[in-house]
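One chain, subunit A, appears in both complexes that follow, with subunit B as partner in the first and subunit C in the second.
What follows is the complex of A and B.
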């Protein structure tokens, strides 16, 4: 490595936002033809650092070198002309335009769609992408959109690509495809910086790993000599246990019985078809499936937020009484005496009020209590303070607006509130999405505590490794239908992944 | 590739200390006055200090002027208070004018039609009920359509203003005194039926006290009541509201009913308390000025007292300088515009700061 000059050199970069130090004195080199994984917890300054390289933020202090020369990157345009391209977590594409139109959008050359499409095809062939240049963005899957973003920066001649959590939205199969493409780029001499929370992926794809902690550069290691435990410890700053506990369910009893549930959305598209399953107390049932295959509708139907076309959802009480939940809104479900907690996928858009403080968010589901016309403000404050303390929420105070907290802390606040009501049913959707490893394990612990307390937990997840380790049973959804119900202790990743993309019948036929 | 580093860049501030925040606002006002001074000199050749003194004089010069300032503030504040809960709910009620006008129509109708036949106390009670109901009806119609059919409330409330103006114009012709004048004139001049009692010798004090009560009420309602919490959640995100089991349609209609009721009271105070007549322009666009008052104060009722003062002060001050110096009416508007522009832009400096870029050498 010593002989090579770095493509990109960062020297003593510092960036502050008000009093918050996002990056402090970061020095980092990226070499030609290497894949560098950038690892760090939420709020450790990975994205800020990448934004400085791609011209979105301007560093307060420090210098950036490109191929040995000091450069000033004051705008994304500067970054582009140096050959630095960033693929953001949230895609920046125009829905009604085609892939080609999006790719050449904003470039100063004279547009010639056919010529550009040919160049795009050539790029795709070279690196192994699979994309139709004339397809409109709104007709594309998430993975295709991501491909368009990557081709866009390659088309502009990027030598250094930065990918911010590219695998968060992909299925295992799609991830493997993406990695294949990245390896092809590396062979072509391009450099790649990839941000990801999934350590297994870091080990699979990268040549070198750089670790950030609290805005500071900690160390970098050759991937070949690294292991998950070491990386985690370096990232968190102390030793953590990476085993997810899975206690045996104690005295499981039927709690939620879903029978032949069918849901159509507002446009008349079938979202769930004939779904039946049972969630038992003291057990975690995992729901696996590619995003958008009915998970959201399933949970929202149970929580009383989704219009249902046919089927039944029964809540079975301790005394074996059956209560139909369909046709009831969350308030009516509460009034039945059913203590149902729900951690929705959209944390700030549904589970919490982004512009309210922690304390005000605590009373979102309980503010009606009591006959007074006024809200009880003392109890929410106490609850907020106790959640901050118990779950180690990093916040300036309990009056801070939740939108100002980092993803992991937002989730702790939401989960903390939902389990504080001593529920009998806990529904969680992508509970650890975007969370770093430490926060994720905190959430797994909390879920396990609920399980041990006899709560029926429904866990919708995307990381198959976690689903297999945490859950007792796994229900696989494909295209809104149940394609399999597996014993998590017996099955493996391949089987679940297969069922996610193939319905039962087809699976047996092959 | 050797780009020059940008000399300055903009960065978001963290929390700002209160004295810094007020310092920034003070600087904004000082700069605005300075600029206005230059423009005054350049455009009219007048001494800007004299112009400012005249503005002050127009508001505080005599005790009558001072009470007029307070009365105007009270009425404007009352409309603004009505708008605040609706806006907090992200329901863009631009119908404050129409709702207040309907309140005024209701009050005037009572005074004219039954004024002489029943005791004054009973009449005033009926006026209160009718004005409030009129305001509520005018506000709940767009709210219902929004809740039921998802219509756009901005256009709907705006259109309701014109309907209200035409309704009032219609009744003014019916009730005109004397016939053919096209005006109602002072209602019940001789009997003073339906006129609100005076506290002491001051005609405006009662209005001011009533509006102060409403200010405290709205503050408590929005900050501490369950209703206030619900409407804030609905405003932030309907998905969250549904998740929390809040009946969104009910909250929309309830909040707009409150908004309309307070607008109705505004109309009542205008007709019963001070003007004792009804014209199509009696509300004088306060339903729109109120939007500015509420936004400038970020919907905090007590801060709204300060923003009403600012707007009424500027309005009355500019009117004074136009008459004293014989200036064009627009000149007052220019001064008002400049001052408001500076105050609004000071918000930017409260949220962002501009930092000088350190040169590469300094950084190293």
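What follows is the complex of A and C.
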């Protein structure tokens, strides 16, 4: 390590937002040709720290050194000119422009699209990317967009790349491809800082791991000598049990039967085609698939929020009575005990009202109850208080507006409320999206408690490791069709990942 | 037929040019993500400022110096529109006030401003009709190309306009070229689509919004100036400019944010605007009223059509109407 020179040195960086300290006294070195993983819980200040390096925020205290020289990075432009490029979690691309136009955006050079496109192709070849420089961003898949972001910083001659949770949106195969590219960059002498919540990936790709906790730098470890348990403990600050429990389903009974469900969206695009499956009580059925392959429509169809074109959805009661859910009012479906908690990408889009307090958000579920013309405010308040306590929601009070809470806390409130209605069916999508390990495990526990209580859980998830550990069965969707129904105890990531991108027939031919 | 076209087209163009200025100016503004509904007011202010300048110059001098006679109203018009553009930017970009509300307020303000000073000038001039005529300045502004009369029907249809009319076409073409073919245009489109992206790419979002909106306002203001000194022959009467500002804003949508389309679309709209003058004499007045509805009906139909179209390139700039906060 001593032989290498630090490309980037951070010395005693501190950043405050009002009274909140986002980073305090952080010192960190990044060396040439290394991949450094930055680990930390939600709100531990990883992104803030990276934003200071890439010129979006300016540190209140401390200094940044680049190749040994102290530098001032006051704007993204300064960062570019030093050769620091950041790939944000939310892509910063203009949808209606082509890849090339996005890549040269804001650069001082004369625009010559064809020449730029040639340079882009050369970069792609060198590192093993695959993109069409003339393709418009809105026609691209998430992974292509990410590629454009990476090429963009390389085009500007970046020496140091910062990737903020790059794998959150990728399939395992795409992740593997990305890692291949990162390794090529490393060989080329570039340095990479990668932020991720997925510990397995940290171990796969990085040379060194730096851990932040509550805005402070805790330690750094050589990846070769690290293991998942140690890293988690250092990140959380105390020992955490990392096993997701998977109790055997007790007395599973059919609860929701979906038969040949087909859904077209408003523009006539087929979102679900001929989907059939059964969700049983006391069991978790996982739904895997690349985002946008029909998961949302499937859950909403069950909850009565989505227009269905053909097929059936039956709710089977304890007395074996069959009720058709299609055509029923969402309220009636809710009364049967079907509960939907969908965490969209922006977390607040569905389910909670950002400008209302916790207690008022609880009322969204209960305000119709009771016979009085006045709403019952007492019970929602009690419920909010109990969720805050049980799920350790970090909030100043139950009257605080939901939008002021951090993402993890918002999700706890949403999932907590849905569970509190004592559902018979719990539909949940992306319940741990963007959550750190600790909060994620709290949510897994909650879901497992529901399972033990005999609830039929439909769990749409992104992290395949978790799906494989948590669920009993996994339904894989590809392009709105069922490409496989697997026993989670027997399958593996490779198979699920394969089915996510290939339809059934082709998959089994392999 | 040719006879009809020779009478019809020049009038349609005369009606269309103010719309062209207004819509090109507004398109440039909207490309930066600012929805300036104050365009109607800005065109009023541009018109009345030109009138004030011309009035002061004309009443002080017996004979007009052709250069000053054009330069003074033109300068006043541009200065007035620029002030409106700056005001709009200050409110919506710097103070991040709601763009719709500010735009509407500025339209109300602009119309009132025009009527107030217009009324005052009418009083000052002591005219016995409620209007003020600046025929000498108008003479300078409405000079046709010298060869127009010798070129027969071609001259009448294509060459019989004043310099401001040709300038409008030139501005539309230049604006189109800049937006689609230059680095500045690329940055401008990025600012209107996604200011956060532009910011991260090192583009000065605030500067682009200010500059684009102010240039747009100045161009729109020229529409008012053209209306008074060329179309209306230098006669200002209150409220005569009417709804043209709103038509200009509707044209922006019709032209799917491409100034080059504004050239033919504005003239077509101008044609619809004057269609009622060309129905045979003696037709029932009610029918005439129906003809006068034509441009507004066309606006409604076209808004419906454009909202059905769903090609991504034809959509409004994605961040249109939204304020940009530097810190996410």
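Here is the rule we go by: the second predicted complex is superposed on the first by the 493 of 510 C-alpha atoms of A that agree within 3 Å, B and C clash if a C-alpha of one lies under 4 Å from a C-alpha of the other, contacts with A are read in each partner's own complex, and residues count from 1 in each chain.
Keep in mind that, in the parts below, a residue touches a chain if its C-beta (ideal position, glycine included) is under 8 Å from a C-beta of that chain, and two chains touch if they have at least 3 such contacts.
In this text the structure is predicted, and so the values were computed from the model without any measurement.
With subunit A as the common reference, subunit B sits beside subunit C without any clash.
In the superposition on chain A, A:19 makes contact with subunit B only, while subunit C stays out of contact range.
Put simply, if you stand at the Cα centre of subunit A and look at the Cα centres of subunit B and subunit C, the angle between them is 40 degrees to the nearest 10.
In the superposed model, A:334 makes contact with subunit B only, not with subunit C.
Between subunit B and subunit C, B touches the greater number of residues of subunit A. Applying the stated contact rule after C-alpha superposition, one finds that A:459 touches neither subunit B nor subunit C. Looking at the shared chain after the overlay, A:217 reaches neither subunit B nor subunit C. By the document's definition of touching, neither partner reaches A:314: not subunit B, not subunit C. In the superposition on chain A, no contact is made by A:155 with either subunit B or subunit C. Shared-chain residue A:129: touches no atom of subunit B or subunit C.
With both structures placed on the common chain, the touch criterion links A:441 to neither subunit B nor subunit C. Of all Cα pairs spanning subunit B and subunit C in the superposition, the closest are 7 Å apart.
Contact residues of subunit A toward subunit C in the complex are 56, 75-77, 80, 88, 92-97, 101-102, 104-107, 110-111, 136, 138, 267. Within the complex formed with subunit B, the subunit A residues making contact are 12, 16-20, 58, 60-63, 66, 69-74, 78, 81-82, 303, 305, 329-332, 334, 342, 344, 346, 349-356, 360, 363-365, 367-368, 372-375, 377, 396. Within the complex formed with subunit A, the residues of subunit B that make contact are 1-6, 9, 11-15, 224-227, 229-230, 232-233, 236-237, 239-240, 242-247, 355, 357-358, 360, 363-364. Interface residues of subunit C facing subunit A in the complex, by the touch rule stated above, are 181-183, 186-187, 189-190, 193-194, 196-203, 310, 312-313, 315, 318, 328.
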